[in-house]
Structures are given as C-alpha cells and as structure tokens.
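Next come two complexes, and both contain chain A; in the first it sits with chain B, in the second with chain C.
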Partner chain A sequence: MSTPAISQRAATATHRTIVRTHAGMAELVAYIVAGLATGAIYALAAIGFTLVWQTSQTINFAQGEYVMLPAILILAGVSFFGLPLWAAALLGGLVFVAVFGAGFKIAVVDPMIRHGVLPLAIATMALAIIMKEGAKDFFSSEAQTFPSPFPAGAVDILGVSLSMQHIAIIAVAFIAIGILQWFVSRTRTGRQMQATAQNPGVALILGIPVARMVMLTFAINAALAVLASVLVSPLYLAKFSNGEVIGLFAFIAAIVGGFNQVRGALGGGLIVGVVDSLAAAYISSSYRLAVPLALLVLIILIKPEGLFGRREERRI
Partner chain B sequence: MTEVVAPSPPPSPPVARAASGLSRRLDGVLLTLIAGAVLLWFLPVGMGRYGTYVLTLWLVTSIAVMGLNLTLGIAGLKSLAQAAFMGIGAYTTAILGTKFGVDWYSCFLLSGLLSFAVGLLLGFPALRVKAHYLAFVTLAFATLVWLVFRNEQWLTGGTFGIANIARPTLFGIRTDGALAFHRFVVVVTLVLALALWWLIRSPWGRAFLALRENPIRAASLGVDIRAYTLLAFAIGSAYGGFAGALYSPLVEFIDPSPFALSASFMLLLMVVAGGSGYQLGPFVGALVAVALPEWLRFTGGLYLIVFGVVVLLLLIACPQGILGLAERGWNALRARLGAGAAEPSR
Partner chain C sequence: MTETILELDDVVGGYGRITILNGCSFKVRRGAITTVIGPNGAGKSTVFKAIFGLIRPSSGRIRFDGTDITGWSPRQLLEAGIVYVPQGRNLFPELSVRHNLELGTVAAGPGIRDVGARIERALDRFPILRQKADQQASTLSGGQQKQLEIMRGLLLDPRLILIDEPSIGLSPLLVQETFAILTELRDQGVTILMVEQNARSALQISDEGIVLELGRARMQGPADEILRDPRVGQLFLGGGLAEPAA
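And then the complex of A and B:
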C-alpha cells in the first residue's frame, strides 16, 4: 500500500509488476470491504437466529425468508397503497414484527415446542415455503429494485476506492449490533433475557418473566430481519427467492461463529461474508458457494464449538 | 446385503418394553405392506399414464423417505442430505446406463452401495464429533453434491441433464410402459420395505432404537454407539441411492434440480408429517408431499402456498405426524371401549 504512485506508462517490467500489485491490493481491499458489508448483513440474520435458538430451541429454517420478506412488504406498501417510502418502511416493519415475530411465536412455536425440536424445525420449513410462494404469487416473481437509503458513489480512502453504500451498511449494522449488545448486557430487561437464554428453569425460579423474555427475542429477531432486509435489498434487488442463499449463509455464519454466542454470530457473519466475496473474485464463480461450505465443514472438524463459541459440557 | 458389515449384535435387547409393544404392531405392518402391494399392483389400471406416473413417483419417494425414517425416526440422527443420496443413485444409474450400457440391476446395486460408502465416509468424521453435527455436515454435503451435478458438465450434462435413460427388463419382459414399470416398482418397494421391516425387528434394529431412546444407557449396556449410529446413517443413505436408481428410469431424464437442498428438506418434512419412527409413516408422508400438490391443482398457481399452509396446520395439530395422531385416536377409542389397557405411547 505504501508504494509511491507510479506512472501507468512505466516502461520496465519491474514497474509494471508493481503497478499490477498495487492495483491488485486496491482490488483486494475493495473485495474485503464488500465482503464485510454483506457479512454484516448475514451477521444480523445470524444473531437473530442464535437468539431465538438460545431462548426457545427454535431452529428457524425460514430465517432467509425472514430477511427476504420485509423488503417485499415495503415495496407492496408503496405500489399497492401509494404510501411514501418512509411510511411504507415503518408500516411494513411493524406489520412484519407483529406477524412474524409475535404471531409466529404464538401460533407456531407455543403449541409445538413441547413436542421437541424437530417438528418445529420442520414447521419453519413449511413457513418458508408459504413466505416464498406468497411473495411470488401476491407480489412479483421478478427481481425489483429497492431504493438505497444511502448515497451512491465512492470515496477514496488511502488510494483505495470504496463504495459509500458498503461503508454505510457496515456502519449501520455495527451500530445496531452495538445497541443490541448494550441492551443485553447493561439493561435489566436485557440481563433477564440473557438469563432466560442460559437457563430458563433457574430464570423462572428467580422470578424472571420467562415467557415475556422469549417473546422479546422473537420480536428482536424480526426487527433485525427487517433491518437486514432494508440493507441487503438495494444490493441484491428484492426477489422472492433471495431467502435461500441468505438463510444458508446465516446458518453457516451461526455455526462457524459458535452456535451459542451472539458475538460468535457477528464474527461468523463477517468471516463468511469476506470468504464468499473473495471466493467469488478469485475462485471460479460456479464453485463460489463451495468455499464457505468447506469452511463450515473444516470448523466442525477442528473446532466444533465454533470459532468464538464456548465448549459445551457433555450432558448425561 | 449391507448388514454383513454390522458389528455383532448386542447380548440383550436393551429396549425390551418398546420391543414387545413394537412386535405386535409390526405384524400389522407386515400385513399392511403385503396387502398394500397387492392393491397397488392393480390400482393404476385405467388411471392413465399421468396418474400411474404420480403413483409410481409416490412409491419411489417413499423408498427415500423409508431410509431417512431409519436414520431419523429409528436411530434419531438428523440428515439433511437424503435428496443428495437420491441424486447420487440417480446419476450413477443414468451415467452407467447411458454411457457404459450397464444393465439396470447392476446400476441399482452400485447406486445403493455407493450411497452406503459415501454415507460411511461422511458420517465417520461428523459422528466422531457429536451426533447433531451430522445435520450441519450433511447440509454442506447436500449443497456441494448439487454443485457438482450442476457444474461437471462432462459427467452429468450440467443443467441440460441426461436423457434417454432406459427402463429395466425383468425375465425378458420390458417394463417400458407406465403400468409395467409401476408394477416393477411395486415389487422393488415391497422387497426394500420388507428388508427394513426385518432389519428393525432384528437385534440391530433394537440397538438402533436404543440409540434414539437413550444413547448413554445403550452404551452402558454394551451397544457400540458410534458403529451403530454410523451404520444406521449409511443404510438410510443406501435407501436414498436405491430410490434414485428407480427415479432415473421413471422420469427417463434427470437434471440437478430435484436433488437440491430444498428437496432434502422436503424429504425430512415427509418423515415428520407421516409420523417419525412409524414403519408405515414414510408412505403416508410421501403421499402428503407427492399427491397433495396434485389434488391442489384446482387452486391454480397458488397450490404451493396452499400446500405449505396445509402442512403447517397439520404439524401444529399433530406434531407426531399423521400416524402419531392416528395411534393416539386409536388408543383413546380402545380405552373408551374398555378393551384392556391402552398401549403405552412411545
């Protein structure tokens, strides 16, 4: 990076190599920043996934669809009801949190959770089909452009041209995760939520309103999904089938980071985002998806509790 | 068959209570299987080509679900790659049949054997860590296999797929017609279902059940947990391969899409919807997933969404699956009629 600016017309082979290396470095940094941006979005989805898993043993296979749908709802608000974008975003977000946060918990999770983890996980697969097909049948089967809340264009930082949008996404996601972290570790309600996640039985004995805390995590999960949806849709367009890839990546991020840790989901999301971005740039695009999956298998084999996870004691 | 590799059976059946209740029900299973096969032999007469095709597809899907039911419902392991094993079987049969002219029976055996071997290779490292990591490893595996099917054009034809897959011949009789092939599949399904029925009654099957019910206790009674877990997964995967070997000649054309990760999810859904752990559950679950969309054709483009809603409501109403609900109803009925004590529910 510290190479002094060299004329493009440099004659000797050595100079040409340096120019190429310099350009290569700038490119590499841009790919990493792009990867961090998508990774931060995966992290939002993965954190919600982990929270819900921790407090209620719900494996949400519809997590990708959770990130897909809010953008569709917002666009539907604009095109069907003629709302201005900000109002559609507010309304769409609230409707989503009410239906797919609270409603999902009451209608699907509560009646099923007594019967074990698996039937509920399968039910979320059915929910994913409903959300995906609903978006396709009632809105559009085409990819729709979604307005970016951030200015377009690029900024030059240390000679590297970076997309404003990527930087803004990273900033917003980190602020959101920072607020969440503050809430969980510094407020009374947040600590009650954490206690519920760690041991619901003991939390109940200590007088913590466990049911309300579980409900809160479902609402937070839905809210994080709305944020992720608004951030990701300007990049990838809003399409009914977006959930498949996003869900897979959120799942990988949660496992790579550590299935039982919020900070693990953040780290996992960023790593998976960067790995995917670099794989797309430097490895064949047809096997792009294989690289994060190989990472997943590698982590399971050498550090099964995840990179940032705590080793779980074996229960008897 | 594949059981040759099994470790020696445990000295005493650790789940005597479950087994005694089970053997009574299994006789009903045997009768139902044979009666069902006779019925299905004659059922498609006059149903037309497409109706027969859907019926055959249901049976082929049931074979894959049977394997997953052994893995999940009997041994308690979560595999998210059953459709990938089906793909391995389907592509093995298609490639060997169309490019090398290998007869279908050899293809069928090789498909099962290959899936069994891949299952062992995949399960060994995953189960070394912890049983539930099998779910994550199989998830990655299912996607990787699909990528290979799609990208390795020289071998699999990529998205263009492989066409003109021949149907098998039995004692010199060709099974090219829809009805003839359907009857062929009925026989193969019956043989595979009976093999599984026998396996589950055997000491090995009881060891599988012990794994699901209480692995720690099973281990303390001398069941080699790791070997049995691995074996259950590999046999279940082999059934996926067998189903694939029938799927290729049924459709006569294969491409990567029916073997994607979502298809593996769907097979898992069938196990749970039918009734996980029930021997006839796979047939019920596969019927829901294969026939229900056909019956919902009247809803036009909305049939998938209606299907999702029906399955979701079904699962909320009876999380133990349709056969779980049926058993509960049956027991309640018997208790009301006062016909002795109701069977303890599993």
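And then the complex of A and C:
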C-alpha cells in the first residue's frame, strides 16, 4: 500500500511553493494552503462517496481509482487518438461518467445490492483492482506528467508566497461544491434527490422517480471524480496506483465529516488535507499516511457520528 | 358512476415466500369512510401495500373506478387519484415544511397548474405550518407532523385516500382532531380507506367497516353494525371469528 513516490513528489511540490518564504508563520500558512488545496480535492471525492452511500447504500471502495482513472483516459485520448487536450478532457470525462457513473450503477450496484451491502462493497474492491491493473496494463506503469490547467508561479499575499496552482484548485473545488449545494437544496430536482437519500420508501409513495434520482447521484459522483482527477494529477502526476492514497484519504474525510452530508465531507476533506500537509512538513513525510489514519481512529473513538454528522436512524 | 370506487377481488400476496393475503375480497363505497380492523398480522397494512403497488399480488385483481389497477406503480396510482399515507413518520425531517409539501406535488399531472397556490393553502390550513413553513419538518411535534403528512397527501385532490394507523402515537385530543379532518374530507366527497388499531373510535366516525382475519375479509358492513357485533369483540379478545352456521 505504500507509495513513497507519490508522497515525496507531493511533498516536493509543497516545498517548492514555500522555498522563498521565510521561516515560521509564513511557512505555516503556505503549508496550510497546500493542505487546503489537496484537502479540497479529497473533499470532492468524499462528497461523491457520501452521495452514493446515501442514495443507494453503496460503499464505493473504488473511489480512489475513480479519481485516478479520468486523467489516464485523458492522456490516452491524447496519445492514442491524437486529440487536442481539451477534446480529450471532454471526451474522457463524458466516457468516464457514462461508464463509471451510469454503467457502474447498472452493471455492479443493481445486481449486487440485492445480496446486501457487503457483497456490493466487495464488488467495488474488485472494480478498484480492475481499474488499477487496467490502467497499468493498457496505458502505463510509469507516472505521467499531466498538464496543469492553471498558471504556474506564486503570488505574494501579505508577505506569504502562495502557489497560484493551489489557490486555483481551492477556488475551482469550492465553486464546484457550491454549485452542487445550490442544486441539491435550491432546485426541485435536487430536493427530490435529497428526499430519495433521506427516505427512499416515502419518496417512492410520493411518486418521486427514485431510480432516476439514484442514477443522478452516480453521475454526479463520476463527474466530481473527473474534476478531482484533473485537479490532482498535475500535483501528483497521473499514475495507476494514485487511487490507493486518494481513496483512503477520501474515505477518512467522509468518516471524519460524518459520512452523511455534503457539508461534513467538505469539512472532513479540508481537515484531512491540512493535517496531511502539516504532518509531512513538521513530523515526517514517511509517517504522513499514519497521521490521517490516527485522526480517523481518534474521531471514531471520540465522536463516532463524525465531526459534522448526525446520528443516523435507519428503519429496517 | 357506480357505488363502488375500489374493489379487491380474491387478492393473494405477501413478501417473498410469505403469503399474507389469502384471497382478500372487499368493496369500498364511494364517498364513505371505511375502516379496516383486525388482529395483528391479519394483513391490514399489507392490503394497502398491495393496493398502492408496493407489493405485487401473485393473483387476484384490484379495480379502481372500474379500471384494473393491479400492479400499477405508485406514480400511476397517484396520477389516477389515489394517495397513500403509511403509518409512522413519513416526512423528510431535514427539509423544510414547505419543501415537504412541495414533494407531495411531484406526481402532479399537466392538469394541475397551481401547485404553488395549493402549497400556500395547505400551509394556511394550520397556523403552526404557516409559522414553521421555512423550518425543518423535524421541529414539528408528532401530531403536527401527521397533520402535515395528511395535508401533503391532499395537495393533488385525491379521490381515494389510503391512511394507515393515523392515530398511532398521537394524544387523544390529536386523534380527535385528525379524525375530524377525515370526516371533513369525507363530507367534501373524498373516499377514505383507513386501517386502525384504535378500532372503536375509528368505527365511530366510519360509515363502513371491514374485519380482516388471516388475510381475508371476514365481515363487511355498516360501521355501527360491526361495532355492535359480539363476534368482533371476541375476535379482538383473541378467539377466532366463529364460522357462520351452515
């Protein structure tokens, strides 16, 4: 499970951004911003994770691979079909949402959920392995550079030098989450989706198209994964094994946040990102994976419903 | 227009391999309150689930206004004019009172264009609903939540309401209030089919009664006759319903 290459690369990226800052506070701020940037990406994955859990009791253990694969598909579009990057991104994103949003629901979730939550969870683990090995065998086992959609360089804010890329990632992720929140709470369709998540039985007797709403959450999850992939791959490079760490962190973020709401997953993602960044900088980059895990254990012991969660009642 | 709005004809059904309804047949009179009573496990709630398309009968027919509705989806039944208010809490606690009502209009057909106005009228029906319109439904008391649920069920002007145990968990005063709403609806021409554990008070406001035992309708008749029938008392005291002499 260890991926020292990724950890070091990310740590180097972080170091690069703070190389010109002075010691102390400025350094701390830069580390926090770097942590918020990766945390916002974890949050995107964690939000998708909680959405599909809420509407269909699917624990998607392939969530990390969901964030890994779109970047690979985009690079494959460029190198195999000679597409320009923007076209490859568009096509890769659409193909991914169709196959790993709708297709996943039809081919994996629907047949497996009849046998229970656990068989389905195990099926998603198998899917994770297929996605990972598929990316390795059909594309590359090497880490590939992925172009950043944002300008490089640093901006100086109150004497602290911050990476433009980090700030742009935070902004894009927050805008996406804001749009999602607006959709879920301010539109009729979004409220039907919430109703389906809160109580599918009642949603059904009111004539809400429950199956369509569940399908919609799977499509949203896949779309969030595409966005997370495009944001994270310039930092971590695109590699078949990226999903391991990202999936673990998204999972921790979802649990820390309470597992049952968008707000919680967002908070959880940011906390995990910052804790990870600070642990890499101030403790040791070789122990960085252990720190979010320790946070997870701590939360489960002290506040099992998560920092922002509510206790869940489920009718059987 | 015939007297009968809903008819069950020899309905057999249950959950998976467990059969609950064993050839259940009865008729529901248009514009009346009909209460289904019976001991626990007689299949009272299952009858509603079969009518509302939540379980598919393995045999038998269900007709609504002369149309065979066996196996229709809840959405189709809502559009046909049937609503179902199940027992227990059936709101979305984290959504506002107003949005809970809005979700009751999802199945509105093209004929209903004034959804917004209907929601406002429903809010005005009870001062507390208007007052808490934009607060979470979970801030309402149990009785208020039931009232909201009934109001939500009425938004699409149903012709038949299936209401399961409306009195459960309510104080005697609120039970009276809820029953008053039902009689008022009946007077406006809505047909009500109700399941009640609280058999005596339910039959007192009902026009018709149906006694269900072991998944079959064993008696059907005017509510006051059912109420006076000594065999009904016996049934509720645990003894089986005596077979009528051949």
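Heads up, the rule we're going with is that the second predicted complex is superposed on the first by the 290 of 316 C-alpha atoms of A that agree within 3 Å, B and C clash if a C-alpha of one lies under 4 Å from a C-alpha of the other, contacts with A are read in each partner's own complex, and residues count from 1 in each chain.
Following the convention adopted for this analysis, contacts are C-beta pairs under 8 Å (C-beta built on N, C-alpha and C of every residue); 3 or more make two chains touch, one makes a residue touch a chain.
Given the structure is predicted, the values throughout are model-derived calculations rather than measurements.
Enquirer: After the superposition on A, what does A:I205 contact: first (chain B), second (chain C), both or neither?
Expert: A:I205 contacts chain C only, not chain B.
Enquirer: With the two complexes superposed on chain A, say which partner A:Y287 touches: chain B (first), chain C (second), both, or neither.
Expert: Only chain B; A:Y287 stays clear of chain C.
Enquirer: Identify which of chain B and chain C touches the larger number of residues of chain A.
Expert: Between chain B and chain C, the winner on chain A residue contacts is B.
Enquirer: Looking at A:R186, would you say it contacts chain B, chain C, both, or neither? Reply first, second, both or neither.
Expert: neither
Enquirer: Quick check on the output: what are the common chain A residues between the chain B footprint and the chain C footprint?
Expert: none
Enquirer: Could you pull out which chain C residues touch chain A in their complex?
Expert: So the residues of chain C touching chain A come out as 52, 54, 74-75, 78-79, 84, 86, 90-95, 99, 102-104, 106-107, 152.
Enquirer: Which part of chain B faces chain A closely enough to touch in the complex?
Expert: 72, 78, 125-126, 129-130, 133, 136-137, 139-140, 143-144, 147, 150-151, 216, 261-262, 265-266, 268-269, 272-273, 276, 301-302, 304-305, 307-309, 311-312, 315-316, 319-320
Enquirer: Okay, in this complex, where on chain A does chain C touch?
Expert: Touching chain C: residues 188, 191-192, 194-195, 198-199, 201-209 of chain A.
Enquirer: Could you list, by residue number, the parts of chain A that touch chain B in their complex?
Expert: Residues 61, 107-108, 111-112, 115-116, 118-120, 122-123, 125-127, 129-130, 133-134, 137, 244, 248, 251, 255, 286-287, 289-290, 293-294, 296-297, 300-301, 304, 316 of chain A touch chain B in their complex.
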